[in-house]
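The following block contains the structure, expressed as structure tokens.
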Amino acid sequence: MKKYSFKNDYSEGAHPAILQRLMETNLQQTIGYGEDEFCDEARAWIKTYLQKDSAIHFVSGGTQANLIVISSILKPHESVIAVESGHIAVHETGAIEATGHKVNTVPTIDGKMTIEEIQNVLNLHTDEHMVKPKMVYISNSTEVGSVYTKAELTAIYDFCQANQLYLFVDGARLGSALTSSKSDLTLEDFANLTDVFYIGGTKNGALIGEAIIINTPQLNEDFRYHIKQKGGMLAKGRLIGIQFAEMFKNDLFFEMGKHANAMAKKLAEGIAAKGYDFLTVPSSNQIFPILPHPEIERLHEKFEFFVWQKIDDEHSAVRLVTSWATPEEQVDHFLNQL
Amino acid sequence: MKKYSFKNDYSEGAHPAILQRLMETNLQQTIGYGEDEFCDEARAWIKTYLQKDSAIHFVSGGTQANLIVISSILKPHESVIAVESGHIAVHETGAIEATGHKVNTVPTIDGKMTIEEIQNVLNLHTDEHMVKPKMVYISNSTEVGSVYTKAELTAIYDFCQANQLYLFVDGARLGSALTSSKSDLTLEDFANLTDVFYIGGTKNGALIGEAIIINTPQLNEDFRYHIKQKGGMLAKGRLIGIQFAEMFKNDLFFEMGKHANAMAKKLAEGIAAKGYDFLTVPSSNQIFPILPHPEIERLHEKFEFFVWQKIDDEHSAVRLVTSWATPEEQVDHFLNQL
Amino acid sequence: MKKYSFKNDYSEGAHPAILQRLMETNLQQTIGYGEDEFCDEARAWIKTYLQKDSAIHFVSGGTQANLIVISSILKPHESVIAVESGHIAVHETGAIEATGHKVNTVPTIDGKMTIEEIQNVLNLHTDEHMVKPKMVYISNSTEVGSVYTKAELTAIYDFCQANQLYLFVDGARLGSALTSSKSDLTLEDFANLTDVFYIGGTKNGALIGEAIIINTPQLNEDFRYHIKQKGGMLAKGRLIGIQFAEMFKNDLFFEMGKHANAMAKKLAEGIAAKGYDFLTVPSSNQIFPILPHPEIERLHEKFEFFVWQKIDDEHSAVRLVTSWATPEEQVDHFLNQL
Amino acid sequence: MKKYSFKNDYSEGAHPAILQRLMETNLQQTIGYGEDEFCDEARAWIKTYLQKDSAIHFVSGGTQANLIVISSILKPHESVIAVESGHIAVHETGAIEATGHKVNTVPTIDGKMTIEEIQNVLNLHTDEHMVKPKMVYISNSTEVGSVYTKAELTAIYDFCQANQLYLFVDGARLGSALTSSKSDLTLEDFANLTDVFYIGGTKNGALIGEAIIINTPQLNEDFRYHIKQKGGMLAKGRLIGIQFAEMFKNDLFFEMGKHANAMAKKLAEGIAAKGYDFLTVPSSNQIFPILPHPEIERLHEKFEFFVWQKIDDEHSAVRLVTSWATPEEQVDHFLNQL
């Protein structure tokens, strides 16, 4: 029997309602490349949350969203600031550099960016012998599961505005972030406190798909050229439009995030109750308990999950990820095994 | 009522058997990024046709396949040769140049490349003040619907081998090409007569997805790095694996191509019977009849299709595209209206 | 004894007055990177000709000037239009594509661009599936020795202005072009009828160096970052500043062009007097007489020059290039041998 | 009266013997692009030091040398490892990233790389979601004036060989490094212990010019294409050939380095004698004394130099750079003012 996996939130297909909708619409003819009625419907539903007439584009994955947004905005000598653990800094095979841009990294403990660190980068980059930092990139939730508060996001956005920096938020896991008990942010806030952000579908119950939201109108100029050039424009754009319409025409997107969070919370509370500590405060659908090595070995006989980071000779932090599809019995089963 | 569209072969969703399979497998957990068992199953089925242990990778679209393959193989000073009407030369927003490489174009009438034209390019590029042509790119079927014969492909491949050029075939419409009555080529031939080619799913009945087949082993080295860097690696790689497994575990892929061709053939024969000529000999699922302008206007009241090219003051060539989903009654309806 | 060479206009070192000036200033300390007093002096002298407060930057070569200017101005999806024989299209090893941009080429007979050809390119590029042409690149003198008239340059510039295209002139041989008897253009005209152009030193008597003149202020923003990033910013920027100051503090730059033209004219008239025709009308310091093959062979025993293009089985056009340093006796000698 | 500058080693023109040689050869005609007899002569002289038949290419500046070498060798997904203070990491406006490659940086105190730090980078980069480190870049002398010993260079090279990493040494200040009393390395060692290195002329008495030495033959394949594409191939390649021939036909290159070092040593010893400490051990022609702020202010009235780094509220390290041209009286003058 296959072991249950807490490795990630993209282990299953899609929410059944999404597949159902793909079936229903299957033979309707549409035009291609994201200009069909399903994409338009999805845009309209998303805008009811944004409360803003932002431009909305769909692409198939997160690295694609990141590289298209960043390379479309920056001029050749401009750079983007990210935390050292940021996805674009570590886990995208140099995708941003491949479009010609340096990623300036700053240290972080909890995965979050601070305006002090941004200021440090600006202080160090003063003339034409160095790149010109022009954008701040953050992820919410971050790569270690933490979430930004409205106060934090506002501080960063205000700093960016004051320093002619664009703010771009990678929302690969925005579904879980927005529905976290630690978060006081809404989609409307993201429309008002960022230049660009994206809403991740792949890691929150869609087959594929990310919705790029451009709030600063001049950044939308010719944006479709950039999507096409980088290979991000699907001929059957409907595939993503149908899914996002289904997720946002009611609260499905948020319900899936809530379920993932609830499962993570139950896991975290159960683990804490057994006396274990965490690498970062459990906040969203990724949690990082610190466990003794023999315990990790024993759990690995029953479950799949990643060992994240060695803490000391006897302990490591592991990463447990839940999703819209995580069955509560698997959570219970895990806690029972601990 | 919406007009029926002959605009392209990606107007509908996917073949119902594919959707059915997505439903059946939906809650099976898999690992990500194309290393799951469905992708492996798809690879195994495809190899039964290739009769060769080629490397097989899945990406979500054709421009992505083209830019990843070409940029992974060429060194910075090397270029790729394509016909003037080639997809990479015209319709990918400079995607190849964006990865740093020149596309050397050669004239063509029927959309096909010839060894004479390749030789001309080689003759003109003789020293380090010019790019170094290193790859030949062709499409089958071509952008104007023609298909290569085995003799033609063999001649090009032999010439490439003799001149240290890689041969890459864009198979966005390979399903229709391989099942064309004008074609004597098989997938096995493509495994033996190209360095790399790709099998298009998007335009032959899949939701999305293209299978890149690398026949020359050294070109496969580190290939997954390139897929990732260019944003082509899907977290839910299973989405493409499941579809290709379904298309190749029996003859579904070829049946869909045959249906599209049959519908195109019926259209072409009906049009020819009414005395109209064609821009290129109808061979696959794209045909280009030359019609009088009033006729085009009248047909546009009932059908969607593209006007392709002005022929003279009274006539233009139009493009009619059929697909796995084209209903025969729409073909009949079109012919009745003519 | 070494044969005299009419191969090009960069066969010798520099005008002796320039070397003299390098000697005189050798031990004066300056700051680096083009911000020294010699560069400023050169800028001031050049502006007396421009009659405009354009921005002026110095780089060491023509390909560098072209790639820095073009890549600094174009966004990733934008392209530059050039004639098929244009230097950036053929003889820079894909330098422009290496910065990510397509070069759209148009046919030409005499090396010059026309607004009809620009319009053709615009007509073909209509949506985001294709690159967006945004700049016109021309050379003066052209790669086949022809020169633009004020009427021609004005027509192109007006067309560019009306169509939101930037106009960039490669002036690698501007010294010869401006002093051609066929030319009615001045440096002041170039300041008013282009967005950017460059004045070539290397091919007109300097050791190295090209002066980039930016007439449209917003294109100058952060331009020094681009020079630095592409490796074009010399630590000893003084080397180019001293040379351009010497060439423009009196009429040395123009006198050198005139001498080259006078020698080419004498050559051309002598060749014409013997009944030979030319590939293009002799206009500047490059001429292209059409000679019988045995004559070419005989001349090759005494002189170095390039065979440019086969005309028919018995004749080829050759290229003869003169420079500031061409001795009149070598011209006479050549004509005597003919 | 202008203040004497210890800001850098490129404040003056060139060694008089070099200018003299430019005068003598001025009217000799040569072919272009680095294939002339002067370049060949320079190559031959340099090889007498290398004792190896390495390939030698000339380019005009250090950033150009770095970006051409690195982009010619690395494949798109490969990265280069440098120390945090490395020139390519900080002071080249993202030139390496602009060619598509990530620079992996590691911490350093004395400007030098260690194999421990290289190993750390390798440990962190394990799969296709991250770049693949493939080259180590070091500078000798380093950006803070330190020099590598033969034992250190050998350790790094052996580690690189064992781990399939290329080793590239930036020798912008190799003249001073090789003649440092702290160095036991020769040009022959660099030929044997690196894949590629370059010998800097600009910062050691030439007008411009760096000689790239490729010791690993396959890295030389098509290298001239890369030089041309990146704008590094001078039409008047003779300009650099003549200079390097002059510097290496006798020991001029080394004598200039020795003079710079002697002046720096005298400065350092004088400063130390007055009780001041240094940021790094004085080793080459860049020294970094730590001075009280009022002292720095006073010295700034008489001399130009850079304040490098704040040490505490009362002290900063300054950078003093000497060159082949530094007069001993200015050194004495400086020490007297202290």
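When the chains are written out, they are named A, B, C and D in that same order, and each has its own residue count from 1.
Everything below uses one rule, namely that a contact is a pair of C-beta atoms (placed from the backbone, for glycine too) under 8 Å apart; a residue touches a chain by one contact, two chains touch by 3 or more.
Since the structure is predicted, the reported quantities are computational estimates derived from the model, not experimental observations.
Think of each touching pair as a link: the shortest run of links from chain B to chain D has 1 of them. By count of C-beta pairs in contact, C-D exceeds the other of the chain pairs B-C and C-D.
In this structure chain A contacts its sequence twin chain B using mostly the same residue numbers, the overlap exceeding half. Centre-to-centre separation between chain A and chain C, using Cα means, comes to 50 Å. Separating the CA-averaged centres of chain C and chain D is a span of 33 Å. If you average the Cα atoms of chain B and of chain C, the two centres end up 43 Å apart. Contact with two or more other chains is made by residues 76-77, 92-94, 98-100, 128-129, 131, 225, 228-229, 233 of chain C.
Chain C meets chain A in the complex at residues 33, 71-72, 75-77, 99-100, 128-129, 131-132, 222, 224-229, 233.
Residue ranges of chain C in contact with chain D, taken from their complex: 2, 4-5, 7-8, 10-14, 16, 19, 22-23, 25-32, 59-68, 92-95, 98, 202-203, 207-208, 225, 228-236, 238-239, 325. Touching chain C in their complex are the following residues of chain B: 76-77, 79, 90-94, 97-103, 128-131.
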